[in-house]
Structures are given as C-alpha cells and as structure tokens.
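Please read the structure below before turning to the comments.
Chain nomenclature is as follows: A, B, C, D and E, assigned in order of appearance, with residue numbering initiated at 1 for each chain independently.
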Amino acid sequence: MDPKTVRTSQKAGLPPGTLVHVGEKRSEMVRISVMHFDADTFEEKELTSPEECANYLKSPRVTWINVDGLHDVEVIEKLGTYYDLHPLLMEDILHTIQRPKAEDFEKHIFMVVKMLCLGGDEGRIDSEQVSMVLGADYVLTFQEKRGDVFDPIRNRLRSGKGRIRKMGADYLAYALIDAIVDSYFSVLESLGERVEELEEAVVGTPEREVLMRVYALKRDLISLRRSVWPLRELISSIERSESTLVKAGTLLYLRDVYDHTIQVMDTIEANREVVAGMVEVYLSSLSNRMNDVMKVLTIIATIFIPLTFIAGVYGMNFAYMPELEWPPAYFAVLALMAAIAVVMLALFKKRRWL
Amino acid sequence: MDPKTVRTSQKAGLPPGTLVHVGEKRSEMVRISVMHFDADTFEEKELTSPEECANYLKSPRVTWINVDGLHDVEVIEKLGTYYDLHPLLMEDILHTIQRPKAEDFEKHIFMVVKMLCLGGDEGRIDSEQVSMVLGADYVLTFQEKRGDVFDPIRNRLRSGKGRIRKMGADYLAYALIDAIVDSYFSVLESLGERVEELEEAVVGTPEREVLMRVYALKRDLISLRRSVWPLRELISSIERSESTLVKAGTLLYLRDVYDHTIQVMDTIEANREVVAGMVEVYLSSLSNRMNDVMKVLTIIATIFIPLTFIAGVYGMNFAYMPELEWPPAYFAVLALMAAIAVVMLALFKKRRWL
Amino acid sequence: MDPKTVRTSQKAGLPPGTLVHVGEKRSEMVRISVMHFDADTFEEKELTSPEECANYLKSPRVTWINVDGLHDVEVIEKLGTYYDLHPLLMEDILHTIQRPKAEDFEKHIFMVVKMLCLGGDEGRIDSEQVSMVLGADYVLTFQEKRGDVFDPIRNRLRSGKGRIRKMGADYLAYALIDAIVDSYFSVLESLGERVEELEEAVVGTPEREVLMRVYALKRDLISLRRSVWPLRELISSIERSESTLVKAGTLLYLRDVYDHTIQVMDTIEANREVVAGMVEVYLSSLSNRMNDVMKVLTIIATIFIPLTFIAGVYGMNFAYMPELEWPPAYFAVLALMAAIAVVMLALFKKRRWL
Amino acid sequence: MDPKTVRTSQKAGLPPGTLVHVGEKRSEMVRISVMHFDADTFEEKELTSPEECANYLKSPRVTWINVDGLHDVEVIEKLGTYYDLHPLLMEDILHTIQRPKAEDFEKHIFMVVKMLCLGGDEGRIDSEQVSMVLGADYVLTFQEKRGDVFDPIRNRLRSGKGRIRKMGADYLAYALIDAIVDSYFSVLESLGERVEELEEAVVGTPEREVLMRVYALKRDLISLRRSVWPLRELISSIERSESTLVKAGTLLYLRDVYDHTIQVMDTIEANREVVAGMVEVYLSSLSNRMNDVMKVLTIIATIFIPLTFIAGVYGMNFAYMPELEWPPAYFAVLALMAAIAVVMLALFKKRRWL
Amino acid sequence: MDPKTVRTSQKAGLPPGTLVHVGEKRSEMVRISVMHFDADTFEEKELTSPEECANYLKSPRVTWINVDGLHDVEVIEKLGTYYDLHPLLMEDILHTIQRPKAEDFEKHIFMVVKMLCLGGDEGRIDSEQVSMVLGADYVLTFQEKRGDVFDPIRNRLRSGKGRIRKMGADYLAYALIDAIVDSYFSVLESLGERVEELEEAVVGTPEREVLMRVYALKRDLISLRRSVWPLRELISSIERSESTLVKAGTLLYLRDVYDHTIQVMDTIEANREVVAGMVEVYLSSLSNRMNDVMKVLTIIATIFIPLTFIAGVYGMNFAYMPELEWPPAYFAVLALMAAIAVVMLALFKKRRWL
C-alpha cells in the first residue's frame, strides 16, 4: 500500500490490451472455483481447467466463478473468450494497481475494488485487488491470491439461508462488495488502536521513532483513503448507468454500501485530523524538553557562577586585603554564599522554574 | 463522540438486514410510549408490549410512537412488521453509528439524526442516535436510551397550544428535528465557554495540559461538525424528494431548520479557526518562555564571567606581579569589577533585555 | 461580532414562530418613522403607535417604515398583522443572530443583512442586524437600535433629487442595501490601517501583546467575512427568484451591489493572507531575538572561558612551576590572554556574529 | 497594487451612478485620440474636445476612441451621452478599483481589465485600470494616465498589415485584451527573476530583510492573481453571452487569450508554491544558525570547564596535598589537561560537530 | 520544467497568429518522416521537403507525418497550407510552453501534450511539447527535437501486428497519447526512488543540502502535475466534443488512458503528501540535534560548575580556614566532589538525558 510502488513501466510501450500480469509474482497454482445455484439447488466445484466453465454458460441458474491467482494469463484469456470480455477489461484484471472503478460494457459491468487486510506484524495493511464481472446470470471474481473475506457469503450460499440464493447475480455482486467494505471497518479499528497508542507515546516519549510511526500511520491513512474514496464514485456510476443488469431492489442495497463507504471515509478523515495534530504535539514536546534542559542549566549556572566569583575574589593574592585577616571572615563569606543561593532559589520558585 | 470508537467489525460478515444492535449495551427495559392526537383529542399511553401498536394503525389521527432503548431487537422487529419497514431501515435503526441521513421509502421517509447533550463532567459531549420514520399519519422515533430534548414538544401536544396538534405528522417530525437542532445551540454555548477559558490559559500558562485541552476541544469540534454537517443534506434531500408525505407548508419550516443548521456550522467553523490559532499562540508562548530563561542565564553569565576572570588573574602565583604589592590595589580591582557590572547592566537595559 | 456570543439557547424548546427578542436588551423606546412618497409628493412622520401604519396600507405611493428597536415584541406583531408577515419571518426579525439571507414569500421578499460600524475605541467593529421586507409598494426595515447609515438616502428622498423618488419600492430597497455595502468599505479601511500598524509592530517589537492584536485582527476579518459572504448568495437568490417585486431595471443596480460585495470579499481575503504571514514573521522575530541573545552569551563565554582557564593554571600551588619564577612571566601571560581574545574576536567577526 | 489601498469610503453615501473619480488624482490634460478605419482607409486624430466625437457616430467604419485620464468627469459624461452609456457603466469607468469583469448592455459590452507594468525601482508592479466599451462599430477605451501597451496595435492599424483593419470592432477589442495579457508575461518574467534571487538569498543570508522581500514578493503574486483570475470569467462571460457584437471568428481568438490567461495563472500558482517553501527554508536557516552558535559555545565550554576544574583543584590551599610536592606534578597535570582536550575534540569529531 | 522559465515576452506585441518559434533554439535539421498504411500495405519514408506531403493528401489510407524540430517555421507553414491549419493552431505548435489541451477545429482536432523523460544526471525531468493534429485519415505530430517514446508504435505499424493498422487515424492518435502517458510511469518510478532516498537522508543527515533536494523534488512534482492534470480535461473534452473524427470504439480506449492519467495524478498527490511530511521531519531533526548539543553542554556544565565552586572555596586565602589544616581534608574534598558528580549523573540518567 505504498505510494512509491507503482511500477508499471514493465508495461510501457506494449500495445493496449496486451495481457501481462503486473503485480507481485506468485508461484501457487491458479485455483478456479465455481458456485452454481438458484433458490432450490446448489452446486459447488473446484475446476481443474478453465475449459470446464463452458458448462455453466447457458444455465438459467446463477454462476459465481472465483479465480485465485492472476499469474497464469491463459486462464484469464480463456474465461475472457467464454464470457466475451473486452481486451482492455482483461488487461485491467491483470494490472493489479488499478484504482477502484466500475465500467459498463452493456453485456456486463466490470468493477475493480481493493480488499484490505491486516498484515501479520505491526498492523501493516495488505491490499489485494479484486476484479468483478457482473453479467445477467453470472459473477466472475478475480483475486491476486488465495484467502479472502468472502467465506461468510459462501456459507450463506451453501446453507441457503436469507435472501442470497433467491435473488440474482446482481445481489451476489452487491454482497461481495458489502463484505469487502465491512472488512474496511476492522482495518479502521486496528488503525484506531494505533492512533490511541501513538497519542500517548507522542506526549510521553517524544523520540524520533515515535515520529516515524506517526508518519507511517499517516501514510497508511492516505493509502486507505485511496482505496475507499473511489468506491463512492463506483457505486454512483452503477446507479447512474441505469444498466438493466442491476435490479431496482438491489440498488437500495447498493445505496446502503454507499452509506457505509461514506462512514469509512468520515472516520479516515477524522483520524487524519487527529494524526495531523500529533505532529504538532510532538514538536511542542521537543520544545518542552529543550526548555526543561535549559532550565536545569540555567538554575545550576546562575546559582554557582556568582558564588564562584566570590570564591575567586578571596583567592586573589593582593598583599593588602583586610578581610582576609579577620578571623570569622571565612564563615561570614560561606554564610553570604548560602544566602545568595537561597535568594536565587526563591526567585526561581517565584518564576515557576522549579 | 470519539472518531476512534467506530467498532462495527462486530457485524462484519453478517448478511445485510440482519438485526443486531451495534452500540453501547444497556440493561434498562425498552420503553414504548404513544401519543395519539388530532386538533381536538389527545391520548397518551405507555405500552407494555409492541403488539399494542396495532391499535393505532388504522386511526385517522396522528400517532407518535417513541421507543427508548434499542437492545431488545424483537421490539423493533415487531414494529417493523406493523409499519412495513424495510430490513435495511431496521438495520440502520439498530446500528447506532450512522451518519445523519434521510431516505425516501415512498410509504415513509426514514431519517437518522444525532441528539447531543453535555456530559456531566468537563463539558464532554454525549451523542445519541435518534432514528425517525415519518409516515402519512404517524411518526416513529427510536432512541438509544431514556432522556431526550423532546419534553417541550410533549408539553405542547398535551396542552394543545400552538399549531402542533392542528397540523399533521410531517409538522411533528419537523418539530422534533427543530428541537434537536435547538439543543445544538446549548452545546455550542458550552464549547464557546471552553474556547474562552482556553484562550486565557494558553497565554497565561503554556503547560502541556493546556495543549491537551486544546486538542480535546478541537476533536469535539470535529465530531460536532460530523453530526451537524450531514443535516444540511438531510433537509435538502427531503425538499428535493418531493414526497407527498411532507406538505408545502411544512417545507417552509424545514427551510428554517436548514438556516439554523447553517448557523451552527458557521459558529463551529469560526471556533475551529480560533482553536487553530491557539496552537500557534501556545507554541509562541513556549518560545517566549525559552527566551526568558535564556535571557536570565545570559545576563548572569555575561556579568560574572569577566569578573571571575579578573579574580582569576589576581589569584595567579607569579613571583613578580607588581600590582599585588600596591596597597589600594585590592579596592581598585573591586571598583573595576563593580564598574564592569554596571556597564554591562546598562547595555542590557539598552537592548531591552531587562 | 464574536463567534463565541451565539447564545440562542434562551429560545431552545419554544415552538417555532414564538416571538421572543434574542439579542442585547435595550431600554430605549421603540421608534417608528415613516416616509411616504412618489415622484411629486413627500411626507415624513414619526409614529406614536404601530396602529397608525394602517393609514399607509392602501396608498398607491411608496411607503418606507423604519423601526428602531426590537425589544417591544408587540410592535413587530402588529406590523406583522397589517403587512401579513409569516410567523417565521417575524421570528427571524427578532432573532438578531441571523445569517444574511433573502427569502421570497411571494407577497413580499424578506432580507436580513448586517450593518457594520466602527466602535468607539481600538477600532472594534459593531454589528447590527437590519431586516427588510420588500413589498409591491412598501419597504419595512427593522433595526436593533437607533443610528444607521441611511441618512444620505433620507436626504435624497427629502430633496427629491436623483432617481430615488421616481422609482419604486424595489429601488429603495436596493439603495438601502447599497448604503450598507458602502459602509463596509469604511470598515475595511479601518482594518487596513490596523494591518499597516501591525505589520510594523510585528517586526519592530515582537511582544506577546502584538501577537494578541494580530489574532484580534484575524478574528475581525473572519467575522467580517461571515457578514459579507452570504450577501452574494442573497443577491443571487433575488435575481434567480424572478419575483415580480423586483423590476428588470433594478436588477442591474443589484448586480452592481453584487460586484461591490465581491470587491469587499477580495480585499478581506487579501488582508487575511497578509495577516497569516504576520504570525510567521512574529515567530521568526522571536527566533531572531533568541539568536541575538545566544550570540552575546556565546561571545562572552567563549572569550573568557579559555582566559579564565589560563589564570586558573597559574593559580595552582605546585611546588615546582618554573614559569612562576621567570620575572616577565606575568606580563607574558597577560599578553597571551590579550592575543587569544583578539583572535577569537576576529573569528567571530569572520563568522558575522559581530 | 496593495490590498490595503481600497479607499472608496470617499464615495460612501452618494447615490449610485454619481460620477466621481475614485483613484489617484492627476493634473495632466485629458487626451482623447481617435483612430477611424476600414480595410482601405485610415485616419488618426487627437481631439481637442469630446464634442468632436459626434462626427464618428454614424460612420460605417470602425472607430477607436482612446481617453487618457479620468479626472475630467465632464469628458466621460459627454462621451456617455453620445454613445448612450448607462450611468452605472460610467461610474465604473471612473471608479478605478474595479475587479476585471464584462457586462453585456445589449447595445454594447463593457469590460474592465487591469494593465500591469513594472515600476521604475525594485521591480514593483504598477497597475492601471483600462475600461473598454465594445459597440457594433466602435471601441472606447479609458485609461487612468498616458502610456500603455497598445503601441504595437496602433502601428499595425497605421500600416494596415495583418487582419486587424479588415476585421471589425470586436477583433480590435480582442487585440487590445491580448496586448494586455501579453504584458503580463513580462511582469511574470521580472517576478521570476526576483524569485530566483530570493531563493539564493534565503539560503545564504537569512536576514530579516530577506524575509521582508519574500513577503513583498508574496503580496505581489497575490495582487497579480487578483488582476488575472477574473479575466477567465470575463472571457467566459463574453462567450456565454452570445452577444451579436462578437462574431464567431473572433471567439476563436478570445479562446486563445483564455488559454494565455490560464498559463499566466499556472505560473503564478507555481511561483506561489515556491515562495511558500522559501519561508520554511528561511526558518530552517535561522535554526541552523542557532545550531552553529550553540555548537561553538558547547565545544569551547565543554573542553575548558573540566580543565578549569582541575586547575581549581590544584589551586586549593590545603596544608596536606601530596601531589603538590612531587616535582614533575605540574607537567603531569598539564599533560593530563592536554589529553582530556584531545579526547573531547575526538568525541566531537565523531559526533560530527566539527 | 521550471516555473520560472516562462519567457514569452519575446512575442509580446506581435499580432496573433504570427509564427515565431518560442522555445529552446536548436540547430539540427528539421526531419519529416511519413508512415502511410492500411491493414494490408505499409510505406515508410523520410521526406526531404515539406512539399512531398502533397502526395499523401488524397490517399484513402492513413498517413502519419511526424516533424522533429520546430525552428524552421516555413516547414510548419507549408504543412499548414496543405492540411488547412488555422493560424492560431500553428502558433500554438511553435509556442512550446502550451498547457496540454485539445481543440476541435471540425476538420481536425488539435491536441497538445507534454512528453517527459529523465535527464542524464540526478534524475532531472526533461519536458518536450508534442502537438498533434488528428484528421479524418491523417495524424500530424510535431516534436521539439528528435528522440521520442513512439518507437514501439512504429514497430507495431511496421510489423502489422495487433489492431493498429486495421483501425483508423483516431486509434493511432490514441496509441500515441497512450505511449506518452505510459512514459509518465517511468518518470514516476524515478521520482519514487528519489523519495525513498530522501526519506532516509532526512532522518540520518539533516543537512541543508538534503532540504534543498527535498524542495527540488517538490518542484518536480509540481511541474509533473502541471503536465498531467490538464490531460484529464483534454480527454474529457474530446469525449464531450462528439466529433465524428473519433469513433465510438476508440472512445473506450481513450477512457482507459483517462484512467491511467488519474492513476498518475493519484501517485503524484500521494508523493506530494509524503514530501510535505519530509520538511516537518527535517525541521524536527534540526530540533533534535539542537537538543543533543544542549544536553551535552548542560551535563558537562552542571557537573563541573558546582565542583569548580568547591575548589574555588578552598582556594580562598583567608587566614583562618580550619579545614585547611586538617590532614585528610584534601582527600575528603576530592571524595565529596566525586560523590556530587555521581549523584548528578544518576539524576541525569533518571531524566533520560544520558
């Protein structure tokens, strides 16, 4: 999720529509799994080759084909042939640094969204591109790697509970997007915890390492916003497209996802304002520390410098210094020094430096 | 009202429309109270079970059903059945971290607003979600807990004074929103007092604790804005919806609430600019303090360092130092030292350091 | 004009349209004055009771009724009855913390503007709400207190010079708004002078008090903007309303006022940018001062610390220190010390610290 | 071009359309010059009185009347009578602090633009208001004083080269605006040079005077933007007005001026970002300087303070101090002192303070 | 790509449409190369004079004429005659500081884009203006100098692979723009590397030179944005123009380029936010350094100042100082001094200054 890792020059110069996988290379096998259902029947299968998809093309039931892994370009190409996908659409599936967007190709709607999950250590956020093709009675999903947030949906499909098997492909697509947006909330929660931790750290221990963590958090918020913000537009553009692929009933649900997206954005923005304030607190903590250091130096120095001067005076070797001969002089001078120190400390106390 | 407390991952993965209460858990009984009236009659009752609502369904009079407490999901569900509420609508009622919004379900308009009140200590702001369903002749309101800002409206209904009993359900809904917006003004007042207090504190005592209070205030202003800002949109969307549920006469009153909302926003923005300036003042106070400390150190040091040097010179043990033998030398040196100190002080005075 | 003084909780809970005066309480008598004119005739009168207004209701001439003082709610109510004012309109007249706005009530247009004038001391800005009702052949104006910027218009009406008596009520309303906008320019002028003064003060004497004045100025600019900015919208909404109350010829004049408003906004914004820069200059002045203090300390300390060390060395009491016996040693050491001081000073000169 | 010099309170209270010259007062004679031409003929004349303009009113050729000097209000009034100018239009001509704008009066289009040129010293920018009235076959231009950027256009008219004599009044008006926008580029160039100079100064000599020059530059950029920005709107409003006074062919040329305006704005904005960065560089230069001063103080102090302490120890007068009697002790102590100094210096070197 | 180098005053005063080359002067020969093709045939030729272009005018195949070098104004003029280019269009081709834009001249569409490539040293960005004229069956491209990013397209044309030879001139124009946008990604990559380098440098070595590099990077990002941002508008304006020159199929591809442009903008904005944070980190690094210096000074000074004072006391020459005679006094005092030092160090450790 680093803004710096946009490395698409690998593709520069190739003709548009050339299918090249741009993203992290993986070696696992590409996995194709199918769910084929209507209100009454349900079938689940893992395909060994993309050719098997052909069986589902003419079925009146809803088909959900999920592809895990994009490095085998041929798989995408074959699916593309069966489902008549535009070369630019396939290119976008493989090009995993897309911005979330929706495009209406009449026969089907193409959507790109970002699925976020928390990385193992230090709460770093992992981002994975999920491309979706929504047709009249099918949904194709393409993920970069195995592991996703769709298991609750799979379970609902298997159990046949709720609306999901009764409604069409558009409702399934909605449910998938909804699952992804729901997962943003847990990412936000973890970011919220980091914000809380840092708020304390920034006041208690204004070390450079804390500042670095503040900036890391800030950058995570920026990238999170980059994933979430275009979702609003995505949903609006589906609403506006008036595509017959999305039924009126489903639009209401999409509107609900839209509201969630706004809520996520709202929380991100609020966190960003908090984080922006943190840098100021950090800098003022630094200044405060400097002030503390200066105060100690000043107190010590201003007390002892005059005393040392007095000692210096009576260390002079003049032949005629009457005080030196006065027997109690030494103790008188010591008393004078103590008095000066006490007065000084009282002054500092009054100025609230102690 | 903390941006960090968006904790909805409790719901992640559940099918949409699942009724789960998201928010602070409470143990009080859910209370359902009904007001049933027209210009001439008025009836007030506390219901023991949601089933009793059925009695009011076919009445030509206006019915206001208020529910205090959302943790008993069944109550909401039953009301939902009587009044034909969409599952997503009921989900939103229970999900108490909604952003204020209005949705037109044709049969009724659904509205979510935030009711703010001042917490007991330190002027913290408590936020409570109020959901409203406005139908042709009924208003349903759902609150998280007992205690609200609607008592003046109840009294007006009971006494039958003013327009409120003569006009329909839409006017009642307007009156409720108006009461909530009015309550924002008292919250603003309390914030205004905190702003005034802090403005003095920031100049007088630039301690870290003051900065923390400035940031707390800033955050309260951000959350206040998050509650108020979407209200504008809410009212505009009702106006634009051209729903037959809201009569032309009531629109004029809604426009008035709209103006109040703008006024609240205006005051929030003005306060935010003032608070933004406070941080700068705080930082410059810190710098000023540092300057003061430095000045004292510099004055003490620059006066005594040269004097100590002179004392050091006459403390040297050279065999041949002619001054040492000159009888008035000691007093001459003391006089010289005093003269140097006076000149220094005069210079500092001139530079305005004293 | 302080953002903090929005104190409307006095009204919270009252039914909308309740007539309560919100604003500074005054004890003067409410004054009602009438001007009644057409191109050829002119009549001016001070009314003793609002009932006398009835005389002017059916007249074909233009009537201007001006009310100074809002604390006598009955006066407003009676006028409201004669001129058929909506309760919300009357509420807005009494509620003196309105944002400038225009509302079209078909029979008449209601406008709220802010009249600004310079307070007696330190150039503080006083703000007063002026509400206007423009009907087919009358203009009602409501002011919080006596004293306004309309005298030149009264004089033009009395003398019958210029267009003002020949044109209708809409031109009179325009002329009143124009007079108010013109008065903003003199407020701006006074602010401009304060900007100039502060620009010098901020460089010359970076004291806290100067910073406080910078922030006071900043806040005055914010409130000024709050009075002026909505005026643009006010005029646009009149233009868009296509009300028959405003004739085409007058629209051209309104457009002119609109241009003036933009000019005022422009100057406010430019001043705000200048003031924003001032805080930076102030902070850099503080830093500069600190630098100066540090330099003096460093110069004194770095010159005398080595010299004092040398004096310390020859103050040691070792039995065998050959230099001590060498007769010219004392003078040699003094010369060495002088040389060191000269070299140091030369170095500082080179580094431009002197 | 100072935001503070908006002094229009001279006019406050006068009826709209009153002709009063607002601006710098001048004593030169008002000069009226006429160019009268079509593709084949060309006539140039300096008029002695505005009455002579009447000769050109009915001519089928294009007439360009240029007025230098606005202080003689009668001249403007007479021209206004001949060309049927609206009183508000004439008022705007005389009121030289207009914002650039275009207004369509059907018979003619009125435009106000700002002509900028570099003042004699220190690259200050002089601003002069040029008002234009574009009719079917005439262009009137009003300038505050003699001297403008229109000489190349006059020469093209005299020589009859290019399109300018063949096309109508609208093309002439375009050519005049184009000449003014072209002159902005040379102003930008001079500002660019000041930016370059200051970029070096801010790093090399972080003196207050440099900061003052940075702010002067910033303010010049603000005022430049205030002259240029409204030009976009001016041109758009002419395009949108669909006035028959501007032919389709000329619109293409206006579009070209529009592009230039955007280019000027772009460069201004880029320069503003550079200047904003300068203040940060300046402040960091100040900090750097402080750091340098502190380092010298610290190095000197930390080396000599321990040494002085050692000297002090052996300056003590205890009766029994065995080291004092040891003959090589003095030299051993000197060696120890040297060793300490060397170690300290090495440490500082390691910390990169030297 | 420096905002300061807008030097167009060379042209000020010339009539619009005058063909003068504004930009860096070059001495190479202007090179004109032609590609002439349809799906089956392909011809490539380097022309020796612009007159040869006439041969391609009436051909039904697609013609791509590329001109490298703009300093020979005659070449442009002749091409302009053959292809009926508007004088303003030709002026824009020669004026190489255009903002990217598209203009619809009905017969053809004129586009200006910026081609960026990395300069030899230090990753500076070179910008070159590419002007394109898209007609029914021809594309004209004008570049400032030889060397471009179009070689992959030339190779695809030569080999006849892919769509490019089968589709019309509009697809060729799209392919050229796509190649330019693709090249932005490699520029972004190089900027990303500079960002990474500087992120480390800013923490490790807060030297002025690092700050200068941060500002250079910031300025490069600003200029990059200035090249990319208007491209969005360019593509939208082509889409909106509904020109028959661009076929529906090609619009889909243009939409794809549009998405890439947004992606580039997104990455630029993210990098800008990172760079903005760097300045803060740099300033806090400076503060940290200062703190470190202060701490060392304070530790050394606060330890030795009291010790030196004690030594001074026992260096006084009073006749009666009982401690001096006590034999172990010297060692007792040394022990006391050591104890004081140890306590001080322990205190500093506790305060975390060590």
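Basically, contacts are C-beta pairs under 8 Å (C-beta built on N, C-alpha and C of every residue); 3 or more make two chains touch, one makes a residue touch a chain.
For clarity, every value in this text was computed on a predicted model and none was experimentally measured.
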item: Touching both subunit B and subunit D (chains); value: C
item: Neighbouring chains common to subunit A and subunit E, by label; value: none
item: Distance from the mean Cα position of subunit D to that of subunit A, given in whole angstrom; value: 43
item: Length of the line joining the C-alpha centres of subunit D and subunit E, rounded to whole Å; value: 26
item: Multi-partner residues of subunit D (each touching 2 or more other chains); value: 283, 287, 290, 294, 297, 301, 305, 308, 312, 315-317, 321
item: Subunit A partner contacts - residues on subunit B that touch it in the complex; value: 3-9, 11-17, 86, 88, 91-92, 97-99, 101, 103, 208, 211-212, 215, 218-219, 222-223, 226, 279, 282-283, 286-287, 289-290, 292-294, 296-297, 300-301, 304-305, 307-308, 311-312, 314-317, 321, 323-325, 327-330, 333-334, 337
item: Residue ranges of subunit E touching subunit A (in the complex, touch as defined); value: 149, 151-152, 156, 161-164, 175, 178-179, 182-183, 185-186, 188-189, 192-193, 195-196, 203, 252-253, 255-256, 259, 262-263, 266-267, 270-271, 273-274, 277, 280-281, 283-285, 287-288, 290-291, 294-295, 297-298, 301-302, 305-306, 308-309, 312-313, 315-321, 351, 353
